[in-house]
Each structure stands twice: as C-alpha cells, then as structure tokens.
Amino acid sequence: MMIIMRTTATRNQIDEVVKIVQANGLRAHLSTGEERTIIGAIGDGRPVQKEQFFHLPGVDRVVPISRPYKLASREFSPANSIFNLDGIQIGGENIVIIAGPCSVECRSQLMEVAEAVREAGAQALRGGAYKPRTSPYSFQGLGETALEILAEARQATGLPIVTEVMAIEQIPLLIRYADVLQIGARNMQNYSLLHAVGESQHPVLLKRGMSATVEELLMAAEYILSHGNRRVILCERGIRTFETATRNTTDINAIPVLKSMTHLPVLLDPSHSTGYWEYVTAIARAGVAAGADGLLVEVHPDPAAAYSDGGQSLKPERFAELVRQIRGVAQAVGRSVAPVVKVNNNGQTHGSR
Amino acid sequence: MMIIMRTTATRNQIDEVVKIVQANGLRAHLSTGEERTIIGAIGDGRPVQKEQFFHLPGVDRVVPISRPYKLASREFSPANSIFNLDGIQIGGENIVIIAGPCSVECRSQLMEVAEAVREAGAQALRGGAYKPRTSPYSFQGLGETALEILAEARQATGLPIVTEVMAIEQIPLLIRYADVLQIGARNMQNYSLLHAVGESQHPVLLKRGMSATVEELLMAAEYILSHGNRRVILCERGIRTFETATRNTTDINAIPVLKSMTHLPVLLDPSHSTGYWEYVTAIARAGVAAGADGLLVEVHPDPAAAYSDGGQSLKPERFAELVRQIRGVAQAVGRSVAPVVKVNNNGQTHGSR
Amino acid sequence: MMIIMRTTATRNQIDEVVKIVQANGLRAHLSTGEERTIIGAIGDGRPVQKEQFFHLPGVDRVVPISRPYKLASREFSPANSIFNLDGIQIGGENIVIIAGPCSVECRSQLMEVAEAVREAGAQALRGGAYKPRTSPYSFQGLGETALEILAEARQATGLPIVTEVMAIEQIPLLIRYADVLQIGARNMQNYSLLHAVGESQHPVLLKRGMSATVEELLMAAEYILSHGNRRVILCERGIRTFETATRNTTDINAIPVLKSMTHLPVLLDPSHSTGYWEYVTAIARAGVAAGADGLLVEVHPDPAAAYSDGGQSLKPERFAELVRQIRGVAQAVGRSVAPVVKVNNNGQTHGSR
Amino acid sequence: MMIIMRTTATRNQIDEVVKIVQANGLRAHLSTGEERTIIGAIGDGRPVQKEQFFHLPGVDRVVPISRPYKLASREFSPANSIFNLDGIQIGGENIVIIAGPCSVECRSQLMEVAEAVREAGAQALRGGAYKPRTSPYSFQGLGETALEILAEARQATGLPIVTEVMAIEQIPLLIRYADVLQIGARNMQNYSLLHAVGESQHPVLLKRGMSATVEELLMAAEYILSHGNRRVILCERGIRTFETATRNTTDINAIPVLKSMTHLPVLLDPSHSTGYWEYVTAIARAGVAAGADGLLVEVHPDPAAAYSDGGQSLKPERFAELVRQIRGVAQAVGRSVAPVVKVNNNGQTHGSR
C-alpha cells in the first residue's frame, strides 16, 4: 500500500502516518520527491484497511499494491487449471460448448433440445430449474420436476448437466442431479451462497455480475477456492453499460485479461452478453478468437414460445451452424472442438472426447 | 406492448405477427404509417414475453408499454406509504436519520456510537452483524454476538435497530433482534432472499443494487410487497459508473424519480454513495434537498481503527454537525428532523417523536 | 510515478526498469517488500509517459502520483477564484442563477423569457445561437441573428449573456455579443477550441463531457488556464450511465469533489442533468445544498413549442418558484441569492448585485 | 412516435394530446387498452420534437419509432458500401489492416515503421500529425512537418495515409497529404468539424466517441453523408465503462450490430479499445471473427520510447505475428487479408490488392 501525501503535508502529518503504519505491524518506507512524500506500507501480504488512512491529515490518496486474490491468481498457480467433467476436459486445449434452454419448460422441450445440441456438437447441457426473474409474476422455474427431466436427458444423451443454484438450501438437492452448479450474475456477490458452494466441493460455473469488475469476479472465485473447492469455471456474460442496442455489452477484453490474471477456465455466454439471437454466433466466434475456453449458449426448439429469454435463444439448426463456425475459428487459433459423441440406447457414450 | 415492424416488412410478415399476438390472448391494433406499421398488442395487463417477437421476420423492435411493477407504483397507491417504526414515522413529514457503524466490532464501540448518534439526533441505529465483504479474508462480522450487543444498545438508547440480512437462514434469528432487516446492494436481486423477507412480514430496508435501474429496484420491492409485506423502505446508495473520484456515483436524480414513481419511503445513504467521509455531509444535504425521506449514515468513534468502511465513516462530532445542517435544509424544503429523544435509565423514551 | 513489479520479477528486470527511470532524468527509489518490489520514479513534476514502462518485462502496473493539472488545483491556488461578470460575482458567497431558453428561436420568444427570468431573479441570460444537435436534420440555431436578439435582450434587461461556441471561427463574432462563451459537453475535449477560447481571454463556462471524469474536466480547464485566461467556470451537467429513467445522471458528488480539488467556480445544470422538467427544481435544490456556486437552468415561455429541449425546460412561473426555493436552500447552507435587479427603460441596472 | 398516456389520464387530456399531434401535421392514431391509451403520431418521417409532449398533462412516456438516421441505414442502402482507396477495397471481402504509430515523432521513426508494417502486410499507414492530448503540457504533434514525413513514407511504401483532423482550418492542408481524414473519438460530436469534412468530399474514418451509442455514431456519420460525402468508414475503439482493468471496454457487440444497421464499412481499433499491447492481438482476432471489415493498429519501433500511447503499441515483430494470426481468422470466417504488396524504388506498387 502506498500512501500519497498532499504537496502541502507537514512533517508532523507525515510522522503521524508513519506511526500508524507501524502500529499496523507494517514497515514504513518514505520516498521524498520535489513535490510530495510517498509512504510505502510494506507488510507480509495480510490485508490492511486502506481506508483507515483517509481520515489522517495530509493524506491525498491511498493506492493498494497487492492483488486481493491469491488462490485464483496466475502467480499462485502458473499453469492452466484443467479439470475433468465426466470425460470432458475443461480448461484444456478443446473448446467446450455448453448449450440448452434458459429454463426447463417440460419434458418434451428439454429432451428435444438435449438431443439436438448433442447432435450439433455440444459437450454439456444447460437448463434452469430455479430461475432468477426480475418480476415476481414471471415463470420461476419448475424446480425439482425440472431436475428430474434434466436427469433423464443426461441419461439419454450422456451430456453432463449445468444448472443454476439460487439459494443455499437448494444445494443438497442440486448436487444429486447436476454436474456443475451455476452461480448466476445476480448472485456473484451473494457471499453466503459462494461460501456454501465452496463447501459443497461440487464444480461451479461462476458468472460475472453485470457490474462486477474482473477483479471482483476473481474475488468471488476466491471465496469458493478458499473452501478447498478448486473446480471453478469463470464465465463472462456481458456487463451493463450505457449502450442500449444490446441487452448487455460483451466485455470481450475480459477474456484475455482473465486468461493472464488467473489459471481458471474462462467461458463466454454470448446469449446473455448480446441479448439478441442474431448477434450470438458472431460474438461466439469472437469469444473463441479472443481465447475463451468454451461457450455457454441458449438453444430452444421454438424460441418464440419460450417462457424466458426466447429473444436470445438459437433454434437448433442455427446452433448447429454456430458449432460449425466455431470449429473453424478454434482451428485458426490452434484449438479444436471435440467431435460429436455417439451414445447408445443406454446413454453410454462412445468415442473419445 | 408495441411491435414496430421494419420499413421493409411485407404484408405476410405483418399478418404473422398479428396471428401470434392473438394467440397470446391479446388484441392486435395496427397503426399504418407512411414508413412502417406498428402493431399494438393490447391485453389485460398480464405479463407477455416481448422477446418471443424478436425471432419473427419483419420485426424491428418491441417496446413494452406497461410498467412491470404494480404494488410499488404510485398509480396503485397514490398517497405516500407511511409506517410506524417503534414510534418513528417513516415516509412522513419528518426526515428520519439512521446512523451507526458499518460493523458491530465490540460492545464498547457500539455502545459509544449508539449513545453519540442518539444525542446528535439520530432516530435509529444501524450496525452490521453479518457483513458482505469482497474478500473472503476480511472481517465477516461478529454474527449473533453483534446482535446481542445491538439489543443492549437498543435497550440503553431506545433506538430501533437496522441490520443486514445476508441469507435466508439468518432471518429467524435476526427478526428477534432487529426492527428492520436491511437487504444490501449486492443482494438486491437475490430473489430467494427477497421472497423470504417478504414472507417474514418484518420491515425491510432495500438498498439499490450498484448497477440496478430505478425500475429494477421497484421490481425488487415488488417481490417483497407481493408477499403482503408492505413495510418496505427504499435506499439509494450510489451506482457504479466510470467516475473513480468517488467510490460510487450518488444518483441524486433517483430521489425525485422514485418519489414520483412509488409511494414507498426513499432514503439516501451518503456514506456508501460517496465513499469518503469528507463528502458525506454535502451529499446528505443534497439528498434531503432533493426530497429524500431520510438518511442512512455511517458513524464510528475512531474511523481510522474501523474494521470496515472507516474511510467513509463520520466521527460522532462530525455527525452531530451533519444533523445540525440537515435540520436547516429540511426546514428549507418544508420538512423537519425530529427533536432528540431523551431516554431514562431503563431505555424508555420521553417526548414525542 | 510508482512502478509496481510482479511478484515474480527478477533482479535483472528490476535493474532494467531503474535504468530507464534514470534515463528519463528521474531518480529511482526502491521499496522492497516480502512479496514484490516497487520502484518510485521521482522527478521534478514534468510529465513522464507512464505507458513506456508497460512493455518492460517484470512490470505489473504503473501508478501515477502527481495530479496532471496544476493551475486548476486548490494546491496551486487555495482561495476560491471569484470574478466579476458585469457586476455579478461568480464564485463568491452569492449563488448565481443563469437562465434562458435552449435556443434563441425568435425575438419575441427571447425577449419574453429574458424579462421573465430577470423578474424571477436570474442574474444572467443563456440562449443558444449555434446549436450542437445530434441530427443534421434538426434546427441548428439562428446564428448571428440570434446574437443580435441576445444583444437586444441584454440591453433591455441588463442581464449578461452566456452563449455556446462550437467552432474557432465563431469566436471573434461571439465575443462581440456574449459575456461568457460556453463550451458544450460534446466539445469538452475539443482541444483546438479550448486553446482558442483560452487565447480569447474571454470568460468561459466549461461544461463537463458526458463521460468525462472530474479529473478530465480539470484537464480541459487547464488547457484554457494555461493560455492565461483565468476566468473559467465549471459546470456539471450530468454524466452518461446505464440508468435510462433520466436523460443523464446528475453526478452530485462532483460538486463537493470539485470544490475540494479546484478553486474555480462550480455550477450545476439541472435541466440537462435530468432531462425532465419535473425533476429540475428538486435537483437544483440538491445542487445548491451540495455546495454549487450557481445554476444554469433552461426556461421557455412555451416548452411544448420549443425547437429543442422543450421537455426539460421550465415555464417562467415554475422557474420563479425554483428561485424562491433556491433562496431557502441557499440560506440553509449559509449563502444567498442576489435580490432581483431593477432596470430602467435604458436597460441600466439599479441596486447592488 | 407513440405517446403513452398514464393509466389515470382523462378523456380531456387525451383529446389535448391528439390536438397537438395534429397541429404538428401528424395523424393521431388511438389504441385504447384496458389499462391505458396510446396515441400514435404518424407522419411523413420528418423529425418531430418528442419532448414537447412531456409537459402535457396525462402523458406518461413518449417512444420514438423512426430511426433518426436515413442515409447511413441498411434500409436506405441494403448492399455494403465498398469504396476504393488508392487500390484498396474498403468494405469488401478483404480485411483491411491500417497500422502505424500513434504520433509521427521524426522521419526515421516513421520510415522504419512504415516499411515494417508494409512488409508485415498492412494496407495503409496511420500516423498523427495533430494530436488530441488530455494534458496541455503533453506532446501535441509535429503538425505540417509530420505531414511531409507521411508523404515521404507514402512515396516509399505505396501505402495510403490515414491521419487525424482536429480542427476545420487544418482540412485544406490535410487533404493535400492524407488519403483518409480521421475524426477522433473526442470529436465524434464536434458537429462543425463533421460538417466541414462532409463538405471536403474526402474519405473519412469516423471513430466512435467513448460514450456514444451505436445510434449516435450513425447520426455522426449522417452529418457527413448528408453533405454528399459517401466515403465514411466507422471505427469501434472502445467505450468507457466501470471496468478499469483495461483502458476502454471493446464493445465487440457493436461490430455485428453496426453491420446489421448500416451499409458502411466497420473497423476495430484494438489498440485503443484495450490500452495494453498484450491484449491487442487477441482482440484484433475477436474483431475479425465478429465481422469487422478491418483493423486500425498502433505499431511503434520502440514503444518504451514513444511520445504517446507506447503502452498499447505493438513492436513490428509482434504486429507481423498479429497479421499472420488475422489471416487465419479471416479465412475461418470466409474472408481474407490481401497479400503483401511489393513496391519498387519509386514507391509504385506491383501485384493486385
């Protein structure tokens, strides 16, 4: 932490700051320039409340030096974290495509879309059982019924399941059905929930909050990692800006920034990050070109009849075209999309993924 | 809902949209201009998925007409909602000042600040028992111990208690100690929690999310109201923008906007909305001048030693000066701040509030 | 400037940075912590390109220390800058209210509004002759004809004139008619224009760009000040954020922040910062409560017929009510609004301002 | 334009709005729902001040229907605008790469970088002669000397020149030297300058303002197009958001959005849109994958010694690698980058571009 004194700071004010730095168990290191003095507060990496220096006379600004996250950082773990999800490598050389409807609406809808995305080349199935909705009057998800349908789709297609957790008490049930627990954007700083999924030791897909900085996303991941749960997947899903032509603004910069700051896998959700199906494929291509480790894509057999997010959902044939294009872009950046997995009647998979 | 067709839309495309509007149980109303056709989808106020029209050929944009909130709207309830909190009127003519430390740190800290804010003129005491912290390594609050200290302060000063709820399972405990449950900015769209505090029937102070629109804040309030819990207080606490000179940007416009859109009481938290103690008093004055029904202010006996938010906390004497200035501004806008309440040794209050 | 090395930086990388710091004529000052080394680059205040260090191996981040503005800073000039504008003190104890229509539309419109705002208590008249409009097909202002009408209004009411300059070549004409040249938000970083108004030595009202930081506003002021033109008035007029309930978001924090950073007078334009007439008065009150030195308010005799900005313009009687309320708030914060100035038939003023 | 009445609007209020709609020469079209009435104001496409309806009693909101730009729209001109720039097709099948230093610093710097970018595969050379700088104390460009150096580089390499225009009076000089006039982000709404470059009939590269919406960018283009100058190239260069990990946030969504809204060519500037050289190549790939027609990239022979933007400039060898990678991505999306052009000693080019 660097404490930057005002140009008008007196010797006494500087001494006072130094005293408080030392009272915090830190070493104080003075740099005295022509214009002003800067006091370095050098410690052992333990967090110090920078704000306590704001009240001291003569202090202009306080600049933190240490990154506040440790376990999530590349410096802590230089190699990419790769983990196996029911045969799929996440964070490895292959681009992972997770697809499915926003909400599980009924058995036939989910089975149809699960089959379609598998055939098109998806490696995992998404589908919401509990839905965070802006309006209390909107469809809130089928709950456990949806989970049973997801289990059936898993059985039929061999695809692992990603579904959202909204509350701590849902966790025991969800981990019986889901391969990956998704934390939605609105819950990215729901620390009680982060704590609980951390303790669950279940894989987590953590979506960036719509106004969270990249650093705050890593701090949220740190909450989960600090409980010993190392299987955390990050997901950029668009941030909120002044632009209204799209639902959110895809922060494509966040892909290479995250890849340089952390060892965790980074996905892009082009459905939420644009909000309009017609832009999804272009932005999916951009995500993979920028270095994303995978995609999370909303697909619905009949988007105009969807209970939620219909406007940003792809029809199965458009999703198949997306996968085709992603294969090309992946190759251009030295990566690949795993070939389509064949399943037999028992839902057992054949062929390497 | 208005469905705006492209200038190039064909007759067949228009007919198709009309058919789907009608299939949703709505009446379709065509306005045909020189340039384009607009289809009004007129219904009975039930929510319709506007996004389902995005996929239809010839559609340019879809514009919602109805406000998505009902119970929170001024149209639903034209008069200000005023409710009584242990003798204090919230939402009435008097400006309500709630003050106290960010976190309860220990008994002596809280008792000292509780006494000080009461003497300075606060009508309620705030203090965190469970703290949402960006870092898992930061102080997370004293939990139930803090609640016991708050209860003691309540006994000693007669001030009702406002404290934050972070998880559903904390509610039963918190309602035994707290007069008002605070939902923090990061949990404004934690719908499971909103649902649960709605059912609790306990007064709720709902803080605006840092990137939530005013409309989304009202939708979050609607979640609570829709469970029959009508004692909801809204609180502007700053939004996230590009400006870094302050911690957040106080959306002062939100005060008159909310007062025109909703009947619920609206407070301002100038501590979080600025992030620096030196701006708190000026922005508190601005909030009351703009029409806020009250303030939520962080006060700490020794901000430089605070476990959290020290940089934005006022010392008790500065808080007393804030209250003095607020009295003047309140009077200028035709309102007032209640006189200081005297308490006897048993914590019983004297004098009208 | 502090150059923060990565935790993994080698001794050689540190030495290389030190060498380049010294090659820039700066002293290098090392702070070596447990985790990492920080190199202070200490100079004589001349600007150094911090970006040149981004390419050097082992560098994590570079943190500037010096404020980039000098002449605009409170440290340079601790006392408030107060200057006289045709008898009005700007930046002094009195709140200055500048009012008038967005555009000068015709003689009768301007004369009517000029008379009305003077009677209501305005101290200066605003009115656009050259209008920056988003659309090339919108009304672009009456140009020199408008200036002649403004001159007539000045003669009749005694009010000094504030009008916008959009291009360098307009300056010679404008300074013949206008007492203050306004730089609009969209031109805040039009450096050629800033340079030219700086050289003009004419008073300047500089509006904050809609996505400019407070620091960038001060840098724009510095452009003008650096040409020896010290009569610069700053104006907050709302910033662009995600919120769409209002046209802009009034950055009310900017008022006390600017007052602490600079000695220049700071106004608020509540018309643009809200975009809706119904919120203008509340936000005008907030601005004065927060410490603004004055207001810039759009007034139109018939807003529904205005060529531009009708939706945010006050009718004269509402403006008179605004002034009345502002007098109350000004008094509450220890300031005042000058009494209404009487003019005789020759436009000569009576009574002190 | 749709005028949405409040649910509480009276019959008289509705009639009053209809009267004013008609007084504007528009037809009024009523849709009467269960909850409220909507009045369509149907005209011949001429702009109408929507704000004039804000003051009328009973009006809730006003929703514009027509897009405010015409000449820039895809509906006006469905096919891509392709134009020839000294042998290069802009907006066609080939990806165009424009590269060079932020500022022309001296003859040897520019000649070295011009040669290097040509050899690496750039099709045009950028370099600033007049520089918009945040600080009046920073390097402001070499002016005409820079233009002479650019002309020499053009002669030597055969690359057409892109350089920024900051003021109207620079235009006559600049069009003698430059093939394309660049309008910088800070001048995107400098309407006097847009007007003047429109009249110049010279090709224009128009950069998006840092807080301009996509629609405002198209309105700025409309200013130029409305003067009959059809050679306008749009450029996304990052927008300002709350995220501070990068200098700006690349609005990658804007690429497909613009391609669907307008026929004009769309470039991406990954140097400004990220601000850090290490992210430039990844974001350049993303831009081409998303559908951009070209790139604008800052290259400097010695970024650590650059007078401006060194931190985001690529070294020539890194730029060569960028072009190599872009060739791969272009191919994956069905496009290509023109082969490197050979020049003879007289600067004459050989081979097709």
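Going in written order, the chains are labelled A, B, C and D, and every chain counts its residues from 1.
By definition in this document, a contact is a pair of C-beta atoms (placed from the backbone, for glycine too) under 8 Å apart; a residue touches a chain by one contact, two chains touch by 3 or more.
Every value quoted in this text rests on a predicted model; they were computed, and no experiment measured them.
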item: Most widely separated chain from subunit D, with each centre as the mean of CA atoms; value: B
item: Of A-B and B-D, pair with higher C-beta contact tally; value: A-B
item: Inter-centroid spacing, subunit B versus subunit A (mean Cα positions, whole Å); value: 27
item: Subunit B-subunit C separation of Cα centroids, rounded to whole Å; value: 31
item: Whole-Å gap separating subunit B and subunit D, where each centre is the average of the chain's CA atoms; value: 40
item: Shared interface positions of subunit A, touching two or more other chains; value: 211, 240-242, 244
item: Arrangement of touching chains [line / ring / star / complete / other]; value: complete
item: Subunit C residues within the subunit A interface of the complex; value: 2, 4, 6-8, 29, 31-36, 38, 40, 42-45, 63, 65-66, 75, 211, 240-242, 244
item: Residues of subunit A that touch subunit B when the two form their complex; value: 20, 47, 49-56, 68-69, 132-138, 166-169, 186-187, 189-193, 195, 209-211, 216, 219, 222-223, 226, 240, 276-277, 303-312, 315
item: Contact set on subunit D toward subunit A in their complex; value: 211, 213-215, 239, 241-246, 249-257, 260, 273-274, 278-279, 282-283, 285-291, 325, 328-329, 331-333
